[in-house]
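Next, two complexes with subunit A in common: one pairs it with subunit B, the other with subunit C.
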Partner chain A sequence: MPQRIEVRLAWRNVWRNWRRTALTVAATVFAVFLVEMSVAMSAGTHSKMIEDGVKMASGHLTLSGRGYLEQRTLEQFVPASAELERLLDRTEAIIGWAARVSSFALLSFGDRSNGVAVLGVDPARESSVSSLPTRVSSGRFLSSDGRREIVLGAALARDLAAEVGDELLLYGIAYSLETAYELFRVVGILRIPSPDLERALALISLRDAQEFFVYGDRVSEIAILARDAEAGLALRDPLEAALVALGTEGLELYGWAELMPELEQFVLLDRGGMYLQLIILVVVVGFGILNTILMSVLERTRELGVMRALGLSSGAVSRIVYLESMAVSAVGLVIGLALAAPCALYFEQNPIPLRGEFEAMTELLGMEPLIVFDFAPAQVGYVSLMVAIVALLAAAYPAFKAGRLRPVDALRSL
Partner chain B sequence: MWLRMAWRNVWRNPRRTGIVVSAVAIGIGACLFSMSLSFGVAQQMVTTAIETQLGHLQIHAQGYEENRDLSTRLEDGGKRARAALSARSDIAAFASRVRGQGLLNSPRASAGVRIVGIDPVAEAQVTSLAKSLVQGVWLDGQSPRVLIGERLAKRLQVGIGKKLVLSVQDLAGELTGRAYRVGGIFHAPSSELNSSVVFVSLDQAQSLFGLGEAVTEIVVVAKEDDGLDRIQAELRAELAGVAEVRTWAELQPLLKYMAGAVHQNAYVMYATVFVAMAFGIANVLFMSVHERAREIGVMLAMGMKRWRIVALVVAESLLLTLVGLFIGIAAALLGTLAFRDGIDFSAFAEGLAAFGANSRVAPVLRAEDLMVPIGVGSFAALLASVWPAWRVASARPADSLRRL
Partner chain C sequence: MNWRLCWLSWLAAVACSLALAGFPAAAELLPAPAGVDASAIAKGAEGSLRADRTFFRARMTVTSPRLARPRVIEFSSWEDLPRKRSFVRIHRPAKDAGTSFLKQHPNLWMYIPRVERTVRVPPSMMSQSWMGSDFSNDDLVRESSEIEDYSHRLLGVDPDEGQGSGAYVLEYLPHESVAVVWGRIVAWIDIESGFALRQEFYDEDGEKLRLLRFEDVREVEGRRVPHRWTLTPLDKEGHETRIEMLEIAFDPELADSIFTRRNLEKGR
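Then we have the complex of A and B:
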């Protein structure tokens, strides 16, 4: 451990040339501020992307028949089971779950028709896992007791020129491999922030879907929502074990990242790119610290020589240099975090809306045009650790030079 | 003489200068190289989209914006448009298509698909689809065969030669279906093509939908990537009232936005890195000015104009930065050269494919991409020299001479 005197010496050296120190501290503050803001922004934006995506698709976890991931046909299903429902209700980490039937069919109105992804949902349960029921832009969502009601994505309705109240023909292949057709009445239109989904999705009630596809009481999938992506991940193993204990043969649990690999990889790529940029920034600032400390050591060659001659060990001299570097960075770190934390917290409450091309772009990508921040205490830890590493690395060369000084040579210089 | 003095000042303390120059060089080199990778992805996204589907321009019947379906069609097969295209010398190739929607059923499953009827000979000249076949053969225009993507084949659990039924609603509004055999399976660099598009020959599509001679779009590939706006304007004028002409950017605004966003991200990146550098540069200038306080005092006392000394400091800052810049740029160029065959990102293949990019990313740097860091860097150097220069300018010769 460094002695008190070493700490005091280091601290005094820091302020020996205030202008130089101020510039170095300013650079550190700038970098710390940007790093903390970027980390908070990426944490917020990415978790929102995942939550939005999960709530438009199949929850954090999806239970279905084996092979669902590759095939997604009516052949993979979950048979009805009261025990399974009880298990899902009983498991605490599950916030909501809903059974669905999912297949494809042709939907036509007048002389127009589109291939659609038909999703049979339980109107009473669906809102516990997905945001789809809240996205109705005109009309209403499916009702629990209504029959042959259908809700369309807005782009799909536009393509078919169908409006609320119109009667459409759904035509598809049932589980029995027979042709199935039935008339459905449009009760609502959904505005979905994903162009592909909005153009392809048609919702009917679970009961109608089971009848239409001659599916009995089977369902294609059970979507399970946890508190957040992390909780979903933690839930997976215990739930899997509970399912095995229940004796459910041929069922499989899928994570959101398996069902939407492109979303997970996009997040990873985006985060990787951001870290790369931040590292470049921090390295540049690190060189600034290196230069300041090195100059400070070289200026003091004579002084250090005197200290060595008076009996200070070479280790102590090196330690003083390290402390000096740590002190400069610590001041920058504290000021930077003190500036960044309130900003990040403010933007956490008030997300930044995007405008112009960026607004159009995020909407086409299926995201809300918002920059969301998420400030977490753990981020302060990461940033501090990073700054500490940079400060130590930057001080390594000057400290080595200072520690290796031979008192005789040092005293002779200047 | 004046520049030589600045140059000498730069190298007065080689270690100090070396550190700043390497900070600039590493910062710029790393920035440029990481940018070159994202430029590479962006460029690949655009070229892939143009080569596999979009073409440079597309011609549709009027009203395409409102109705992107069979009701918007070129009745005579787009004769006027084809004649106009054939007459131009800047068009490399063009091909007619029919686009519709339908349901593709195998004995095991069904999938909603976009049906694209293509002229097998012409299509091979405008898009790279023929090259992405992994099994089977290209369409011949006669036999009832379809091409489907790998993901779709897996979903439907079918292989080459297996039977599929395509159900559609024809132009008369009748639901109709027809059986086809899988003629080929392709692996395109776009997840959308692989999972939800089925290709049939143009004749087959026309008879399936009961379209007669009509087509819904003509895809055009120009000889050059540049000058599309001019071609578009001329074709528009020629086909006014008959057909509409759109560029790839109008058809796929997302592509254009993403390519733009990559460049905007680059500007932000340069700005932050250079601000961080400016602090370091300012620091070195201060030290250099501080060391030379006496020398500067002598120069002032001997009657040298103040602005000349200020200019000397500014020049020192610029020289310092430019040396670092050029080393950084050279390193980045070497990097792009070393990795010109691409870096493998197959761990992110699906994420990249969702945007139509390949998992092998080759860095791309154009001359104009180098101008931005040079410009921003010079500005940062000027910025960094403001405070030190002001110190010099306000120095009093008597004080300076007394020091040390």
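Then we have the complex of A and C:
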């Protein structure tokens, strides 16, 4: 039984120089561990980035009037509709939705003034979609029954030198093209981990905004939150169809990637960087395996020659070398994954907080200063596949070399 | 399938669209007579629209599909170009009466009497609508000069415009070093009288954004002045802003006391 003898020979070879084998296994374990951890980390970071970004503003999907993407003025709106609200409430994949009025206006206090993005939000509903209500650093969020309350981004408040309790003038052009001006009292300051937003955002209640901008019961947008980005993507088509069935003409659904292209680009760029890093890691592992197997072949030139002389075919010799390399990689892979999976799962439950410079950096990107892991069985699948392919490729040359040995030459060497 | 025919028709289509894109309106223009100084024509036209010092009272009518009735705003304007200052006071509608604007280079101040507040209009608000019209705050305080900040080129003569002998068609391109709002302006200027008939404004991508027409030319203090300015934004369907001059005075005495915060906060 030639097959059996090859397996037995390979197995024996693996154990004969156990130190060499252990080193190769260790190298593979280390690489597999690193690959799996970095895959889990970037998966976690990317979905966290998207979730954070989405919860800062747009939701996974945003419903508004056609042209909203390009213009974002009061001209694009969603008319009030009880049917639409029922549809959003009824759709299971939607875990939260909130209507908003958004426009540009001038906010002034004392002799300072700034152009601001005014967002009229429903204080009761907003927290079902966005993290804004939880980001109050002093004072409080808008109350449901309060009138002419305003909440400012911290940087905006600093620019205006305004504090909680101050009365600010909001001036703008209403939908009716009248001038609109009204005094608002600051009730809260928001810390928003995005400097641009923190410098520009002023929140008032939806009701005040509709009155201020003479907007009737229209709203500028409805932000819709799904369970995660994937669910948001899956929700888009059915929701669009349901909206068409409802007869809502002139409305359009926008995905978060359309509304925040810079976020999507950043995620894509980062993902590209991750792949590059993975490829380098895996190539290094490949050379490690190549090196050990090649060494073991060169070391045993004479022995392999004897085997050939005793009648083992050249294919069988190649297969032995192949089997050795497969066994070593497989053991390394299993141990590596066995170590990495619990670690990734642990960090998935307990994200690593960032401090100091890194904290400032992530805030610049509009993220929470946390390293988040996301472990998924699919990752184990493709990490295994990658390592297997590399091990096969790395063993090819030594196996080929072993098969090519001529018994006469081999017996003469040391 | 006859591929050669396909190719040819494709080429023809490309050539046609290139020709159309490359020479807008050029088809119906007559070549300009030699020896005409484009800058001098532009300067002359600008002179008929404003002087160094100008006072005017005007009625601005804003039409929009949003409005059942046009919105009417009456205001007075004092402009002192050499000293880069101007003052505008709103008279109508009642809600805005007394609202005033003071431009003192490089600041723009706004006073709202109803809430008794003076507000400095920040640069970020400059592109926003002025009083709900299709003019922007930037138009109100425009720093750039269509004469000094642009180079002028004569494109040709449009025989269908103006009185009798047609109109010069001029292209204004901003000088590279100057920060201006427009990427290109095309102006029609009446050959006989030398005053502006209309202007088209393009952004930097070459998209036509607005059309400004000057009509109802009347004589004031020996100068022929268009009394109706109509601005049509091309990116907002159905919107139009018309300014009708009710009273114009060129080079009046403009007291320094006009251009003060005190005058601003005096209200009406």
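Before moving on, here are some points about what is shown:
Definition applied: the second predicted complex is superposed on the first by the 359 of 414 C-alpha atoms of A that agree within 3 Å, B and C clash if a C-alpha of one lies under 4 Å from a C-alpha of the other, contacts with A are read in each partner's own complex, and residues count from 1 in each chain.
The criterion applied here is as follows: a contact is a pair of C-beta atoms (placed from the backbone, for glycine too) under 8 Å apart; a residue touches a chain by one contact, two chains touch by 3 or more.
The structure presented is a predicted model; accordingly, all values stated were derived computationally and were not measured.
For the composite obtained by overlaying on subunit A, subunit B and subunit C cannot both be accommodated without a clash. When the two structures are aligned on the shared chain, A:Ile173 is found in touch with subunit B and with subunit C. Of the two partner chains placed by the overlay, only subunit B lies in contact with A:Gly273; subunit C stays clear of it.
Legend: residue contacts after superposition of the two complexes on their common chain; A:Met326 is shown touching neither subunit B nor subunit C. In the superposition on chain A, A:Ala27 contacts subunit B only, with no contact to subunit C.
In the superposed model, A:Glu75 lies in contact with both subunit B and subunit C.
Using the contact criterion defined above for the overlaid structures, shared-chain residue A:Ser113 touches subunit B and also reaches subunit C.
Residue contacts after overlaying the shared chain place A:Leu183 against subunit C, while subunit B stays out of touching range.
Of the two partners subunit B and subunit C, it is B that touches the larger number of subunit A residues. Judged by the touch definition given at the top, the superposed model places A:Phe104 against both subunit B and subunit C. It is stretch 115-123 of subunit C, out of 7-15, 61-69, 79-87 or 115-123, that runs into subunit B when the two complexes are superposed. Taken together, the two complexes place residues 75, 104, 106, 108, 111-115, 169, 171, 173, 177 of subunit A in contact with subunit B and also with subunit C. Against subunit A, the residues of subunit B that register as touching in their complex are 15-16, 19-20, 22-24, 26-27, 30-31, 34, 38, 68-69, 71, 101-105, 107-114, 154-155, 157, 167-169, 171-173, 175, 191-192, 253-254, 257-258, 260-261, 269, 272-273, 275-277, 279-280, 282-284, 286-287, 345, 347-354. Per the touch definition, subunit A reaches subunit B in the complex via residues 19-20, 23-24, 26-27, 30-31, 34, 70-75, 103-106, 108, 110-117, 159, 169, 171-173, 177, 196, 200, 261-266, 268-269, 273, 276-277, 280-281, 283-285, 287-288, 290-292, 294-295, 357-358, 360-361, 364-365. Contact residues of subunit A toward subunit C in the complex are 75, 104, 106, 108, 111-115, 169, 171, 173-179, 181, 183. Touching subunit A in their complex are the following residues of subunit C: 62, 64, 66-67, 71, 95-96, 99, 110, 112, 114-115, 117-122, 124-125, 128-129, 131-133, 236.
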